[in-house]
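Two complexes are shown next, each including chain A; its partner changes from chain B in the first to chain C in the second.
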Partner chain A sequence: MTPILEAHDLSLSFRGVRALNGVSFAVNPGDFFAIIGPNGAGKTSLLNVLSGLYRPQRGRVRFLGEDLSGVSPQERARRGLGRTFQNLELFRGMSVLDNVKLGAELAVGAYGALTPDARKEWAIRRWAEEVLDYLHLSPLRHKHAGALPYGLQKRVEVARALAGKPKVLLLDEPMAGLSLEEKQDLARFLLDARREWGVTLVLVEHDLKAVLELSTGVLVMSYGEVLYLGEPGGVRDNPRVTEAYLGRSA
Partner chain B sequence: MLFRLSQTLTDRYSRTFARTVRATYRQDEAYASTPLGRLWLWTALVLLVMLPLLLPPYPMYVVVLIAIASIGALGLHLLVGGAGQISLGHAAFLGIGAYTASHLAGPLAAVGILLGGVLAGLIGIVLGLPSLRIKGTYLAIATLALQFLADYVFKRWEAVTGGIRGRTLPPAEFLGISMPNADALWYLVLLFAIPLFFYAKRLLSSRAGRLWYAVRDNDLSARLSGVDLTRAKLTAFAISAFYAGIAGGLLANLYKSITPDNFVLTFSIQYLAMVIVGGAGTVLGAVLGATFIVLIPEVLNAIVGAFGPQFAPSFAAWRNVVFGALILLFLILEPLGLVGLWGRIRDYFRTWPLPY
Partner chain C sequence: MDLSLLPQFLITGLSTGALYALITLGFVLVYRATSVVNFAIGEFLLVGAYLVYTFNVAPFNLPLPLAMLVALPVAFLFGWLIERGFVRPLLGRNVVAVIMATIGLVATLDGVAQLVWGADQKAYNGELPGQPIVLGSLVLTARSMWGIVVGIGVALLLIALLRYSRYGVMIRAVSESETAALALGINAPRMVGIVWGLSAALAALGGVLLASASGPGFHVIALGLMVFPVAILGGMDSVPGAVIAGLALGVVQALSTGYLEGSLPGITEAIPFVIVLLVLLLRPYGLFGQSRIERV
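Right, the complex of A and B next:
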């Protein structure tokens, strides 16, 4: 199977700090790929390189078989590389519906902004409503996104990203700060989206239990280096991973 | 039985008067979704057309001023409240529109006004360029540069602008009808204002609005949602300047004589005040803000006048103080502007007679 998203030898440093050091991995279509590691391991930096916010000093990212070097973040999003953030980056002043509609434009197709197109607008609305319904957000459609509680804001962000029908969705700690029920709900939504819409998921997560239960592939990082890459089953037994998380035994 | 009756009644009530019950998405997106709302919209339009018959000349002149200011303010609303950018150069665009219109006046007035808008829109794109790099206060200063540059050009480019003496215009004509006074010009103003208002409302509720709000709220995640920041910002500047250019052209046809003094910095700031007092980002806010800013000095003038001429000099100084104080009070007591006030009144009646 040809990988849908591929990172090859990515290196990124900020002045003296090496955030990424020769990181390579491949994600196959339909994967639930998890990136884990201690704080400061470079996980978010890696996502930022993948979505084009940071330019790596070395290495390249391939998406759908094409090299993404020099492709702007907005163009990557249009090609089907979705993204959510660790700290909520919603459009706080917009309604939930408008947030999702903005994402839905990517899936339904945009039109010239100054020539409103009622039919396109209509298609966008219908698809946005479908996504809202899917994520159980319909009753909140006219609420201001910024006025919702944290867990729901996270869900709106996922809805916005999913509305774009991304081929690969990069999620930065989607479960952080959620209650157990909210985590379960979110996991179910994500798995459903993977199954029904064929979205490949790449997520950074701290919740080891969730990762090991859900994922099909795991990348463990520490200090910008790859410690482990492979099946989730092998993570616990890997000595280097244990060392990074728990420290060397005396 | 009684319960069923009351249920039917309240349901009918909310379908007719309030916007709480909307059965389809299409109803949800319509301008006026209730019969009462539609009635209100049509009444307002008819009233607007009849206005010169109802008002004496001077109030009518003030109303025309308000309508023109609303168009200009609406443009700034799209920029400030929509895309979250700021411009202190709005008067420059009014000026560009006005001087263009002054060259295509008389029978060509409508064309001149439209062309003035287009020209202002093009220059608006240039003004938008700094916004790609800088934000907030810094952007305000950058747009200030255009304001001063425009002022200089208006004064010095005598061949086109007539220098400090300015230019005079013959009365506007449209389809052979001469419009020598405010009463007649009103219809030309309406001809531009009504489509522009509906267009702005449509823009804000469709893709353009979403792009602009996205840029305003969070440019990082706007990019990662596929929004082209450059285009979103530049279209906002262009549209905003286009509206200002149209307003400027209409203003030139109302004054029938324009000088550089009509388009100074104070004027730009007045327009910003309209946006802030009206409540940024909504079409209704533009009208309410323009009404407030144009009307209050007139009302204060009338009050001063009522006391008799001997008080006029001492009151004249206080007039500006009262004006400033009113704006300040507004910002403190109702940060959402007049629109916020209106919204609360409407919400109250939407669920009336129940408090929730």
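Right, the complex of A and C next:
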């Protein structure tokens, strides 16, 4: 199978501090790929390189078989690389529906400075409503996104990203700060989206347990280096992982 | 105190205030979209007022309203270029660096304006068209009407565009979170360029109307500085706040000119800042600003 997303030998440093050092991995279509590691391991830096917010000093990212070097973040999004953020990046002053509609615009494709044409406007609205319904957010559609409780804001952010119909969705610690029930709900939504819409998931997580049983592939990082890459089953027996990660937190 | 003049002062104040509102609107949009406090806003007024002057005199000799219409896209381009060449390279630097840079921009633009237009006070060729309307003792001059109609009209149009148009929504999205906007495929750099262009165009419009009586000259910069009390009073990041605070401070200044200036010369210049200080003591985020709490 040709990988849908590939990182090859990515290196990134900020003023001498190594954030990523020779990170390589490949994600296949339909994967639930987990990137785990302790705080400061470089997980968010890695996502920022993948989505184009940071430019690596070395290495390249391939998406859908094409080299993404020099491709802007917005163009990566248009090609189907979606993203959610560790610290919520909702449009707080807008309604839940307007947030999700901006995502849906990406999927439907809208042109014109003043309004999308009427047919597209209708398609955007309908698709946005469908996604809201899917994530059980419909009753909140007219609420200000910024006024919702934390767990629901996280869900709105996932809805907005899914509304863009990404081929690959990068999720930065979507479970952090959620209650157990909210975590289970979110995991179910994500798995459904993967099954029904064919979204490949790449998920950064701090909490190893939360993702091991769901994922199809795992990358464990520490201090910008790859400690482990492979099946989730092999993580716990890996001595390097045990030492760097489990050894301390377990 | 002669209260019979009150309506007259109110009209004058609303006219000036509407223009303050317009200029501040652009300033606030820039602040929201790029977190840059544009200390060179006075120079934006100056350049705008002079651009209109250029089209107003030989070889163009356009009547004032037409000269304004032609100068607006040029002002837009000017703002867009400032963003491209000056602001964008500083993205991600620390706040102080950006502040120092916009102060450097003040000196640069002052110099350039002097080179291009000279340091002397100019006069516009012709007046703003329109007959004064007389209602009993109340006189609505053409200038007041232009201020009120253009100031409030353009402000309302802009608010509607921001709320309902596709680009308006995208500009709001970029202002709330640029990274999230990028992740949704929104061309954030283009939106930011548009915002700076808009801000320069609004400053030009406000600048020329505020300077329509006196003619363009370096005193216009001081008028531009009214943006700071207006923006702070309105809450820095609030669009309706900018409009209401602009109108309010315009009226306060007119009343102060009418009733206080005689016994307390100079009070009119100071009073907006005194009000801002008082308001900030009671409401640190201004009248309409958002108090933000961040979750780390």
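The criterion applied here is as follows: the second predicted complex is superposed on the first by the 243 of 250 C-alpha atoms of A that agree within 3 Å, B and C clash if a C-alpha of one lies under 4 Å from a C-alpha of the other, contacts with A are read in each partner's own complex, and residues count from 1 in each chain.
What we mean here is this: a residue touches a chain if its C-beta (ideal position, glycine included) is under 8 Å from a C-beta of that chain, and two chains touch if they have at least 3 such contacts.
Since this is a predicted model, take the numbers as computed values, not measurements.
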Fit or clash - chain C, chain B, common chain A: clash
Touched partner set for A:87, first chain B, second chain C, both or neither: second
First (chain B), second (chain C), both or neither touched by A:180: neither
Contacts of A:102 with chain B and chain C, given as first, second, both or neither: both
A:129 touches, of chain B and chain C: first, second, both or neither? first
Which superposed partner A:164 touches (first chain B, second chain C, both, neither): both
Which superposed partner A:73 touches (first chain B, second chain C, both, neither): both
First, second, both or neither for A:114, with chain B first and chain C second: both
Which superposed partner A:150 touches (first chain B, second chain C, both, neither): second
Which superposed partner A:1 touches (first chain B, second chain C, both, neither): neither
Chain A residues contacted in one complex by chain B, in the other by chain C: 51, 53, 72-75, 77-78, 82-83, 85, 89-94, 98, 102-103, 105-106, 110, 113-114, 116, 160-161, 164
Contact footprint of chain C on chain A as seen in their complex: 51-53, 72-75, 77-78, 82-85, 87-94, 98, 102-103, 105-106, 110, 112-116, 150, 160-161, 164, 177
Touching residues (chain side chain B, partner chain A) in the complex: 25, 29, 202-203, 206-211, 213-214, 216-218, 220-229, 231-232, 235, 239
Chain A contact footprint on chain C (complex, rising order): 161, 165-167, 169-170, 172-173, 176-177, 179-188, 290, 294-296
Chain B partner contacts - residues on chain A that touch it in the complex: 51, 53, 72-75, 77-78, 82-83, 85, 89-94, 98, 101-103, 105-106, 110-111, 113-114, 116-117, 120-121, 124-126, 129, 160-161, 164
